[in-house]
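Encoded as structure tokens, the structure appears first; notes follow it.
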Amino acid sequence: MMIDPLTLSIFVPLFGAILTFVFPRVATVSALLAVLGTCGAVFVLALKILAAGEVLVPLGGWAPPLGITLRADGLSVAMLAMTALVGLLVSLGALESLRDLRQRQYFWPLWLLLLTGMNGVYLSTDLFNLYVMIEVIALGAVGLTVLSGTREAVRAGLEYMYASILGALLFLMGVGFIYLQIGRLDFAGLIAAEASGATSAALALMVVGLLLKTALFPLHFWLPAAHANATAPASALLSGLVVKAALYIFLRLSTYMPLPDETLVTLIGALGAGAVLWGGVQALRTERLKLLVAWSTVVQIGLIFIAFARAGQAGLTESWKAAAVLILAHGMAKAAMFLAAGRIKDEVGHDRIADLDKSEIRPTLAQFTFAIAAISLIGLPPSLGFIGKWSLMEGAMAAGYWHWVAVTMIGTLMSVAYFSRVFAGFLRFDRMRGELSEHKGWALADVAPLTLAAAAISLGLMAAPILSFIELGYPFGAAP
Amino acid sequence: MSDPFLLFDLLLAGAVIALAIATLTVRDLFAAIILFVIFGLLSALAWVRLSAPDVALAEAAIGTGVTGALLLKTLHHLRYVTGSLGTNAVESLSPVQPVPAGVSWANAAFCGLITLGLATAFLGAPHAGPGLEGLVAEAMPASGVSHPVTGVLLNFRAYDTLMEVVVLLAAVIAVWQIERGLSDAPAPALGEVWEGFARLTLPAIIVVGTYLLWKGSEAPGGAFQGGAVLAAVGLMLLLSRLYVPRPAHRAVARWAFVLGTGVFAGVALLVASGGRVAFEYPLEHAKTLILLIEGLVTISIAVTLAALFHGREPVAVPAERGDNDA
Amino acid sequence: MTPDLIYGLTGIAVFAIGLVGALCAQDRLRRVLALKLCSVGAGFLLVVGAWRTPSAAPDPVPHALVITGIVVMVSATAVALALIRRLKSLEAEDDD
Amino acid sequence: MALSVYLFAVGWPLAMAFALLFEAARPVLWRMMPLAALPALMLGLLTSEQQLLQGEWFVLGLSMGLDEISRLFVIFTAALWIAAGSAARHWMHDDPRATGFGVLFLMAMSGNLGLILSKDAMAFYGAFALMSFASYGLVLHNRDDSAQRAARLYIGFVVIGELILFSGLVLAATQANSILLADMRAAELSGLTVALLLIGFGIKLGVMPLHLWLPPAHGAAPVPASAVLSGAMIKAGLFGIISAVPLGVVAYADHGTIVMAAGMVTIFAALLLGVQERNAKTVLGFSSVSQMGIIALGLGAALLTPEAWPAITPVLVFLAAHHALAKGALFLGVGAWAAQTGQIARIVLGVAFLVPALVLAGLPYTSGARGKEALKSALALGSDVWLPWITLALTLSGIATTLLLARAGAMLLRNPPKAPETRPEALALPFLTLAGGAFALPVIWPTLDAHLAGPIASASTGAFWPVAMGLGIALTVALTAYAQEIGPRAFFDVLTAPTRAMAERLRTLSAAKRRAVRRTGIAVPRILADHAQRWRLGQTAIAALVAVVLVIEVSSDLRMSADKTPAVLRNAPVQDTEIETPDLRTDRQIEDADAAREAFDE
Amino acid sequence: MTETPFLPLFILLTSLLASPILFALPESAARLRTGINLGVAALKVALVAWLGWKVSQGVIYDVSFTMLPGLEFKLQADPLAILFISLSAILWLITTVYSVGYLERGPHRARFFGFFSLCVAATVGIAMAGNLFTFLIFYELLTLATYPLVIHRGTAEALRAGRIYLIYTLAGGLVLLLGTLALWVLAGTTDFSPGGVLDQVVTENRLAAQMLFVVLVGAVGVKAALVPFHAWLPIAMVAPAPVSALLHAVAVVKAGAFGIMRVVYEVFGIETAQALGMTAPLAAMAAITILYGSLKAITQDDIKKRLAYSTVSQVSYITLGVALASPIAAIGALAHLIHQGLMKITMFMAAGNLAEGLGVKKVSQMDGVGRAMPGTMLAFSTAALAMIGLPPLAGFVSKWYLAQGGLDAGAGWVIALLLGSSLLNALYFLPMLHRAWFRDGKEQDGDAPAKQRIGWMLAAPPITTALMVLAVGGFANAPFSPLEWTRFVVAIEYQE
């Protein structure tokens, strides 16, 4: 009777989505149950991984290349776990912050479909399956983006949709080339493939498609508006989780497929550097809080790519760990930050950074959460973000790639600068017109992001186990 | 020129490319959509030529027919909102800010480069090369069906297919979400769209019918093709106002949307709970299960596609002219 | 000159045309059309990959993939079009 | 005798100072003021043998004690403080700032006594500093313009003196490898060290050209303060030199020459400057300067010829005591005279005033005359070259002192200092006691220490009459006069003005630049972002990236095929089973399928 | 001898755990908050005393766990750490009392004391960090914990100061991160160990080692306010008085100075640093800072600014002592770590009292304040005279050793430097004393009208610390005096 946890972690949210859609009245309960169930499945899976290293489920009993196999290893379970944790807490936060009944009615099924898609991505070993999964994610994500129904949100959502479709199509085209060349689509086949013109073309198409989906500079154009205009829980999911799916695929593919050239790695790192600098500059001049947070996502994605490229081609066997840690850190911290920003916007009534200090209402806890999340995003010890940055810089230094170190440092400084704009708004009191009035105080919508932010900080203390966990099952086949 | 089809191939390819270019360059959007539909049908024809009738059918029915209908409906909506309904205005209805010519040229140049690169890669790739047909053939007996495409879709890669249905479900949820509370344009007046739509989709329906007749004995036909044909019926019903969605139908519609997905996934889990992995249908029941799934998925697809065309979730509250005037 | 070459190149051409359109289109609706062209181009490539010498039966797997792709694309198109409609309505409201 | 006794002697005035902060205790304490220095006096009188007591825990190891010389010093110093204390009690009778005065007076007293009693450099330095800084308040007490000026000048010299002294002591301690003064004294200190020590103490001593602070300070301070300043505190400089500089151990010819020359100049220059003053106490201050010139002569000689030291020491100590009593008496006399309301009392006191004055000027048989004679003979052991000049100078100093004191007397008559309305006889008593003491010193002295009372004579000379020195003094005088005129703070401002202007210009410049950078920093990203959005460069980037990646890949493909090495990097070894697997399903499934097939066949 | 290794952890946790509790307490629970504050502070002093006793008996405390492969989070109580912890524990107690009085009716007290605790926890962490990595963690924590304190008033000026502070210190932290990484990459360890861990690197790659020195010292130099990284310090003066006191005396600048010690003594080792030729430039830098800070101080009219520049100058004495590479100078440097803390905290608390009680914030307003607030001003005067270096006050002792150390190291110019610096010290402190004691206040109608009672919680702390200034100088040679302990530490660092 035991269904394997891999299957469950995909099917539970799927059934959750169906239930919440068909029975809107009990949507909240069933959604929470589904998310909890997913968490449980992921937990069981993690235990299995700890014992076995990797778990394979050949769906339909068909071994690849004919069938599709689900595979879990340390890295994918780490991603699953992060997704489940963030998802659970965002769901809890959403309970209070989504007051509009109709918004809520659609939020749950879309979010659970999104979760299905993401879990599917993390467990997939088949290129075409990945394509379908990212489309599931895309539709769910666009639906969430426009949940608020404002004009800006819809416009941003449309732009996001275009980018999403185009990215997926680029990926699909790449899949076509791969099939043309090797006649199969499973990862094992990819690993075995020789480099050739077709694989190169495929790589180019797929990589750019994924970069577009993950919004790496200069393909980030759709992201800030989309993430900034969504409602808070949606923003948190989009920024914290959704972009990570494409990022994860990129990580997998770039290590499974032959990246034949150091130049390419450098190019990707350079784009990351561009993201860090450009995103930083934009975050410095943006006028709205959520937009600032969204630009910070652009920066962080850039940082992750720098981590990926930190030691060049030869260092990829290790670099992915730095990238993975940064992905995990960013997932939690950014979700927390968006939720907190949403809370602040709700209570203060606007999110203009320049006017934050005029407000008589100070949602202290949300502000505190925002600040802790910022600590991890800036990369101050002992947060997980710090560990990621440490790994990044360590590898770059050891390899003598000082330019990445320099970019990282500049990026860090810029992040201090733009986050301190917000802190200044929180902590300045001499521009208020009236007396400081009581804000709503403790709420579930405060606890959820606080927990996330605290996790982002405190998991840094557990970096060693985390690092050894993501190596379980040799995600990139380092050793037999 | 030994191959008699070669000329046909070349002509068809030329036509496809020309239509693709024309679709993007013709000024009138309505014309663009019409050209696109023709393009789609010719592509389908090309795929028939490449021994892919299932794909051709799907492209004709869904990729061209349903998509064309969706596009036309949207065009109608845009014209309605901008008040240019019936004026046959040629100009763009949802313009985005123009970019300098230099940027466009740069785009084109890059795309040219890409084309070159991809073409080179394509020419360098093996032809009629490695594939999975051997494995499929070997495994067909254990699949429970006899048509290889169906075997792949519903057994070997059933997981993909499930997710594809999920995409469809996600789409309809998203569309309902997007259009909720929207005071809609009236449903396209039959006259204008009907002409274009009926004219264009009719051949598709005919192709489908022919195909099903022809192939039906040999293979159960694809759920998607079948669904699309049924959806066409739904479209007709909607357009002709023989059926007007009511708020009370919402629950039913929801059930219909999730029916295919639910059963598909449910069966997968069911077999998984029996000590197998998901989608591992017991051989003795495989055919039954697949038929069941296919049938229900077909219904879901038909209803979903029709709903996608209709757009809004049927709600009572806002004074929606669309539901009232004929 | 075999059909797979001809249609393969056609597919690439259609994809590229679609790409240009997606990048340069000055109208939202037309961008959707352009993206749709891209997907057809990708479909061509896969169908060509399935094609075998005229006598042999084609590879069914890419066929299945293309069918899936088509359905996925229509879903995405429907959502994009819904967004376009909604956006136009909102803009029209704001203009009033 | 335990260390605690010494600590008590020093701490007693401090404790009184502290207690003075409490209002209730003040009347009693003022009455006890003369007793503040009593423990120290008793200590000096009752101790006969040499003592060295150490306390490990204090500071860096505290040492206190008494020897022949310091015993005499503590006796006359304490005596003077007692007299001044009793005068202060009445002088401050209705002064609004009496409490502050009392506190500082007691602190200075404690410092003064402490420095004499201490035997290690640190304690000495601390006490010295306490005395010096506390006296600042005494000088400033009147708060009028002259007091402000004088105090500014005073504190400037004090601070510089302390610093120089500090460095000198550090060097000395290093060179002697001990912080005990006695060890320093016995060590071969370097020339620099000795120079620093001499300057540091010389400032206190008031030898020209380091005297500038002295006359104004004496002029400005209240009478009791002036008395101790002149009588006791400037002797601390002498005491320091005697205690820390290895006089009689090592010869420092250059130092000696300079000191001697300075002393010579001091004697007469003080005269020239002093006679221009209009304040009696200031003139008395110049007289002190002049007198210290005499002492400097002795020090210079000792520096030149160490052998002369044993002969010079007793004379210097004697002269110090003599000057302390006489000058103390004179200052108190000024106050006492001014405080007298009755005509007769003034006349009586005026006559009494002559006694210490004449003693100081060197009337035969008085301590002044005896001291000078003894010095002459002691100096004869020093340089022969200097001897005639010394003789001449010492002779002329008598005239100079007389002149100065005459001037002081005249000024006292012309503008008598403001005196508090108090019991005049109470102020007269300490004055008269001191005057008596000064007069009787030749008699008292041998009873205190028979050994040191026997004057010895000997002389010698050095060589060096540099014109440079005169020039240097002139320059120093000019500079310091300027500094004096505008005050040290303003002087400092003038010195730093150019740098400040430059810093200011840099700041405005950089502010403008910063603004410009800021503007650009805001504008450029905005323009870039706007255009990127309007031109939809993001879209272009998609195509461009695909193209670029393709180009990179193709070029590297070409390169690789040229290399002909299968250099494709694989991170993972291919798992054979997965690649070559012909098994489509797991075994069980295959079996199932086979079974099914068989079932069909059947 | 090794005992339970958790004592350092307890000491760290006392304030670390107090912090969230303080955050969570409602604004109105003043009594409870005060109770917790004082209780924890007192507990910490007791624990530190115990720890110090144990360490003096030769017990080694060492607690660590692995954070990253090969990298440990490590707390270690060595004599040098004890020196710094004792300072922070004792002054924390005193400052807590002061803060309670100072902020009696102010807003955001929960926040203030929460961060205050966190700040001390960070300081303790810095002190006990067993390797540079751990040091880095607490160093950043310190930055974060102090930022809210600096901007506590929430005015535009405070925020500007906060921003500058944050940018300076976080940039410093970033450079420290860089340095730590480089050390890790070069040496394969970040442990602190007397004599240094870089011997091998130095022989292999001298230039890299030199650059590492520059990077590490530069990074901690930001907090130590070495010129030209000092600009944040005077600006951060807008903070409330207890914060300034803490910043200057215990936490931030001391953390920087302490960092310099750790880097020079235990990362490089003094001999190695000397061999690298890096100590002389460091000494020169310290010398420049000493003079520059004093020169700037003279021109300030704002009391706290003047004190701030004075800190810039004084803290560099520590750096100087380290850089002179003489054990005697090192004694001076370490002793000054304590002495400067006591002196400066006294002065800041006194300045705070002036502002609170009389509204006096500028030197030019100080006329006659001595009479209005005799206790406070006595404390202030004691500290000021100690700063100038008068015996037997604390400042004298350290200066004495520095001077001797300079001679010992063959650097006679140190004497001149100390001379000049003390002169400048006198130039900016004595006028303050002059105004306070020897000038009459402007408002003469009535008996000291501006006089306002300040509570004992404000009055007592500066007097206490002033007495301590007196005591650590006066009993410098006593057992367990800072100086004695310093000698103990130096013997270890110089491996004698």
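Each chain carries a letter (A, B, C, D and E) given by its place in the written order, and its residues are counted from 1.
Everything that follows uses one rule, which is that a contact is a pair of C-beta atoms (placed from the backbone, for glycine too) under 8 Å apart; a residue touches a chain by one contact, two chains touch by 3 or more.
From a predicted model like this one, the values you see are computed outputs, not experimental measurements.
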Common touching chains of chain C and chain A: B, D
Shared interface partners, meaning chains that touch chain B and chain C: A, D
Contact-richer chain pair [C-D vs A-D]: A-D
Centre-most chain [mean C-alpha coordinates]: E
Chain centre separation in whole Å, for chain D relative to chain B (CA means): 97
Distance between the centres, which are taken as Cα means, of chain E and chain C, whole angstrom: 68
CA centroid of chain A to CA centroid of chain E, Å: 42
Centre-to-centre distance between chain B and chain A (centres being mean Cα positions), rounded to whole Å: 30
Where chain D touches two or more other chains, by residue: 536-537, 539-540, 542-543, 546, 550, 554, 584-585, 589
Touching two or more other chains - residue numbers and ranges from chain C: 15, 19, 22-24, 28, 39, 45, 48-49, 59, 61-62, 65, 68, 72-73, 75-76, 79, 83-84, 86-87
Touching two or more other chains - residues of chain B: 96, 99, 107, 111, 114, 117-118, 120, 122, 129, 131-132, 135-136, 139, 156-157, 160, 164, 167, 170-171, 174, 178, 280
Chain-to-chain touches, reported pairwise for every pair that qualifies: A-B, A-C, A-D, A-E, B-C, B-D, C-D, D-E
Touch list for chain A against partner chain E, complex: 375, 378, 380-382, 387, 389-391, 393-394, 397-398, 405, 409, 412-413, 416-417, 420, 423-424, 427-431, 436, 460-461, 463-464, 467-468
Chain D residues within the chain A interface of the complex: 522, 525-526, 529, 532-533, 536-539, 541-542, 545-546, 548-550, 552-557, 560, 566, 568-575, 578-579, 581, 583-586, 589
Touching residues (chain side chain B, partner chain A) in the complex: 117-118, 120-122, 124-126, 129-132, 135-136, 139, 155-160, 163-164, 166-167, 169-171, 173-174, 176-178, 180-181, 251, 254-255, 257-258, 261-262, 265, 268-269, 272-273, 275-281
Touch list for chain C against partner chain B, complex: 1-10, 12-21, 23-30, 32-34, 36-37, 39-40, 43-45, 47-53, 56-68, 70-79, 81-89, 92
Of all residues in chain D, those that touch chain B in their complex: 534-537, 539-540, 543-544, 546-547, 550-551, 554, 584-585, 589-590, 592-593, 595-597
